[in-house]
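Residue numbering begins at 1 within each chain, and the chains themselves are lettered A, B, C and D in the order written.
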Amino acid sequence: MQVEKKEFKPTIVAFCCNWCSYAGADLSGTNRLNYPANVKIIRVPCSCRVNPMFVLRAFQRGADGVIICGCHPGDCHYTTGNYYARRRMTLLFSMLDFLGIERDRTRLEWVSAAEGAKFAKTMNEFVEAVTKLGENKRLEDLRCKKQ
Amino acid sequence: MNVQETLIPKLGVVTDVRIDTPDVKTFRVNALDGGKVFDHMPGQCAMLSIPGVGEAMFSITSSPTNTEFMEFSIKKCGCLTNWLHQMEVGQQITIRGPYGNGFPVDTEFKGKDLVFVAGGIGLAPLRSVINYVRDNRADYGTVDIVYGSRSMDDLVDYKEIIDEWCKEEGINVYLTIDREQEGWDGHVGFVPNYVKELGFDTNKTVIICGPPIMIKFTLAGLIELGFDKTQVYTTMELKMKCGVGKCGRCNIGAKYVCKDGPVFRCDQLDEMPNEY
Amino acid sequence: MKQIKLDSIQSLFKALSATRTLYLPVDTPAGADFKKYEDGVLWSGALNTNRSAKDFFFPQTENMMDFKVEGKTIEIIEPIRPDEDFVVFGVRACDARSFELLDKVFLCDPVDTYYKNRREHGVIVTVCCNKPAETCFCTNFGIDPTAPGGDVACWQDADTLYLQANTEAGEALLQSAADVLAEADDSAADGVKETVKAIMAKLPIQNLDLSAFTEDNLLNLFGSEQWKKLSEACLGCGTCTFVCPTCQCYDIKDFDTGHGIQRFRCWDSCMYSEFTRCAHGNPRLSQVERFRQRFMHKLVYFPANNNGDFSCVGCGRCLAKCPISMNIVKVIKALGGANE
Amino acid sequence: MQEAMMRRAKELLADGTVNRVLGWQKGEFAYDHTPAVFDSADQLEQFVYDDFTAANLSKYLVKETKQEGKILAFLKPCDTYSLNQLTKEHRVNRDKVYVVGIGCEGKADVEKIKALGIDGILGIKAEGDNFVVETLYGNQTVAKTDVLAERCVVCKSRKLMTYDEILGEDGEVINSNRFDMVEKLENMTADERFAFWQNELSRCIRCNACRNVCPACTCEKCVFDNVNSGIANTAAADSFEEKMFHVIRAFHVAGRCTDCGECSRVCPQGIPLHLLNRKFIKDINELYGEYQAGEDTDSKGPLTNFTYDDCEPSIVHERGVE
């Protein structure tokens, strides 16, 4: 019997800032713009709320890609949060790269509340990039895999 | 017996939840097909767990003579107990045991006059013995129960104490609360002082359970009254994981509380390092 | 007694691994460790492995059971027991003794079936230490490195390995490799034994006075003023515990996999601050108490419960690995009385 | 040197400048020295200092400066970086430490000496570019480069960053090649890097020695010990948890790590943990400007700071090998 190979649909976790990208996601919805349903949005009060551990735990729990969306530099609701987030995530992504984790599994994008179209485009691009990489194998926790 | 049988728990189901005090609830646990999950001796403990939350040791508060179900009086004080307090009737839990040595009800206690001294949630392990003694009344002498708590709202099993224990012949119940309170006409004061005031006959056997500080001062008071440490029993509690003396954390000196305890005679405690 | 030339030792490994999995010490960039034998894997000549051999019977993590929780109901799923037969080659006398000590804990009533199951599936082949180091002090605990025990004991000289079965399982193992083994005189390894004994006699810590560590002396030792000084530099890490062949404390934990709960057990260390912490507090609040617990357990509590056998085999791993070089030998010398 | 240090310690104890001395105590062998606090001239007879006294004493000062009185601490150059960083973070009360800075020419790694087949070590002496190792079987001369601890081979600085007085000679900041190995890894392919770290980190036994010895890890309660954090564990049950622990630990000390190398020194499994820290240091230097933690006590750390025109994380794509 031939088993039909199932098309790989990555699980994406998107940490979205409450003040911009989360609203941007809303806007892209009301504008009927499509982005894949396998993007799971987690609302955070600011992109700088995202602890590096959140990113790792998302991978542990089965994410194939993690994207963090925040306000454009200069527009942070808390004035400077995203500047800190930028440094942190740069170093974290670089470290993951150093460990040999594929670079395209992590991304940081600035998406404002008015950029519904950019949100959808970003997500589409990211999902495509992660789909190309295939399943997350290097940061997986075998216990969390469904048998 | 092997660990496969003991570390892998059985399933129980909560069949009744009684609110005793603002932070103590008593849970009735049955096997899935009714009846008890296992038999036990007074003073023995069981490991209760909610998978994913944690597992901890609790003393079985119901008497072995109760053949229908087991009861656990649990005070809300940590992660697991918080969770347990949210349980409703019908919730399944895992349960394994019984663990520990239990009180020597069939040996040293036989034929003796017994004094029970309890403070707060410390009544939970003693209730098992008290009810066992009540159900085998002929085997034991007089029974005195001194029970104290912070306030009258914090007295565990108040209804049972008033409706059953107080009314039974040969049982004297002495209740006390720490501070004056409206609606309370009983004794006010700390348990150790009350025990001294009551001045029990020194040929009686004493069983104490409560906060460490209460045990310490009650014991000192009893010795002042002329009691010997060999007449006084208490029950201990430390962090446990396995319940069978192998995981290595509940030891006091060379003794494991889960296996060699939790019931110790006070003269035995003297031979153990003071690390509890 | 059997023998095989060292230059054809690979044929022995091949024969042993034909019917079961073979583990043996292999060199890594940082010391030796037990690895599975595959073609071309070389046996390390190191005196001892970084980690002890206890992993084979008491692995660092082990799944105990799974739960499926749905609403108010719980389902318990027991794990499949590993039934792989294996042989551990190259165990030293100290580690071989450690199994006997672990047996006392895990095989006493109630029997730990997880451990017992592994124990029944494993065959131990020991090898006499040719070059004991200054950190070795097994002789203090009645261990003779020239009679390393196990199911099969081996001795090695310049070009030959001599093998002697000690148990039925060992006989069977040697039988399975009979094709590559030659007969040897029973006294063939005597020369090696004499050489090793001569080296042992010259090593520094062979005469520790352990007489003070008795149950009667428990409270005195517990109350000793020395613990504070001894534990002063202790970092509270678990290195000594985890490299120790006899440390057996464990933790039981639940892990939420997202589709069920896994209950597993893993090594734990009495040196860790959280080891005894529970809702009502922690009886061992500072490192002094935790440090004391570890050594009191090895030298007093364990012997009190096990006919006077100390829970140390003198393998010297903690001497080599402790980040601040505090170890059981220093504790014994400080508290042992006549060692002063 | 040892004699001079003992003499000075006794003087400072006698004149009441300090009431305790933080140093190293003789062990069983010639090389297993234990950090210790001495509070009398008598106890100081056990004091030892030689080319095996490697432990960084700065972290002990967190605890010690909470005690009554001033403590004398003998610090090597790398230890002074750690002390500065701890002072900056208000973990150590600098006023309660009397620092005697001691010059350092690099410490010997006893494992490396033993690996050369040298047994029965009784002592060690530095002579120019060599160590003379005294053994039961006579003296043996070995090249320093062969037996120096890894962190000393690529020593970044022999200059004392903070001290109240100096014994011996102060050195200079060295233009070292400590990032060579990081660079080598960066130039590997992602697959090779993954294989490298998988092999190294899989040996981790989660003994926490790296964390507990680290002078930058001084949290009252570590997130990996906090049962409420959801990631507390005493053993890595999956290879993910090994990576998680070391990445997060390195991240938590990023910008604060002085590269003292204690983590790799104490690792019982010989995992080159310093490479993770050095990767962060190298990235910080390259992306946000040269920064050396522990150089001073008042500058802002790179992760508690920013500029408006910092690079975007996508810069990772432009660097090194995919």
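By definition in this document, a residue touches a chain if its C-beta (ideal position, glycine included) is under 8 Å from a C-beta of that chain, and two chains touch if they have at least 3 such contacts.
Because the structure is a prediction, the values reported are computed rather than measured.
Chemist: Report which of A-D and A-C is connected by more C-beta pairs in contact.
Modeler: So, comparing the two chain pairs, more contacts are at A-D.
Chemist: Find the geometric centre of each of subunit A and subunit D from their Cα atoms only, then give the gap between the two centres in Å, rounded to an integer.
Modeler: Between these chains, centre-to-centre, one finds 36 Å.
Chemist: As a quick test, compute the distance in whole Å between the mean CA positions of subunit A and subunit B.
Modeler: Computed from C-alpha means, the inter-chain centre distance equals 53 Å.
Chemist: Which whole number of Å gives the spacing of the CA centres of subunit A and subunit C?
Modeler: It comes to 46 Å between the two C-alpha centres.
Chemist: Which positions in subunit C are in touch with at least two other chains?
Modeler: Correct list: 251, 255, 268.
Chemist: Give me the residue numbers in subunit A that touch at least two other chains, ranges are fine.
Modeler: In subunit A, residues 143 touch at least two other chains, as defined above.
Chemist: Taking each residue of subunit D in turn, which ones touch at least two of the other chains?
Modeler: 227, 237 - these are the residues of subunit D that touch more than one other chain.
Chemist: Going by the touch definition at the top, which pairs of chains touch each other?
Modeler: After working through each pair, the chains in contact turn out to be A-C, A-D, B-C, C-D.
Chemist: Please give the residue numbers of subunit B that touch subunit C in the complex, ascending.
Modeler: By the definition above, subunit B touches subunit C via 1-9, 11, 51-56, 77-79, 81, 88, 90-94, 237-239, 241-242, 244, 246-251, 253-254, 271, 273, 275-276.
Chemist: Per the contact definition, I'd like the list of subunit D residues that touch subunit C in the complex.
Modeler: The touching residues are 27-29, 32-37, 55, 60, 119-120, 203, 205-209, 211-213, 225, 227, 232-237, 262, 265-271.
Chemist: Under the touch definition given earlier, write down the residues of subunit C that touch subunit A in their complex.
Modeler: Contact set of subunit C toward subunit A: 255, 257-259, 262.
Chemist: Looking at the complex, which residues from subunit C come into contact with subunit D?
Modeler: 28-31, 33, 50-51, 60-61, 133-135, 204-205, 229, 232-233, 235-239, 241-243, 251, 253, 255, 264, 266-269, 272-274, 319, 321, 323-327, 329-330
Chemist: Give every residue of subunit A touching subunit C within the complex, in rising order.
Modeler: Residues 61-62, 143-144, 146 of subunit A touch subunit C in their complex.
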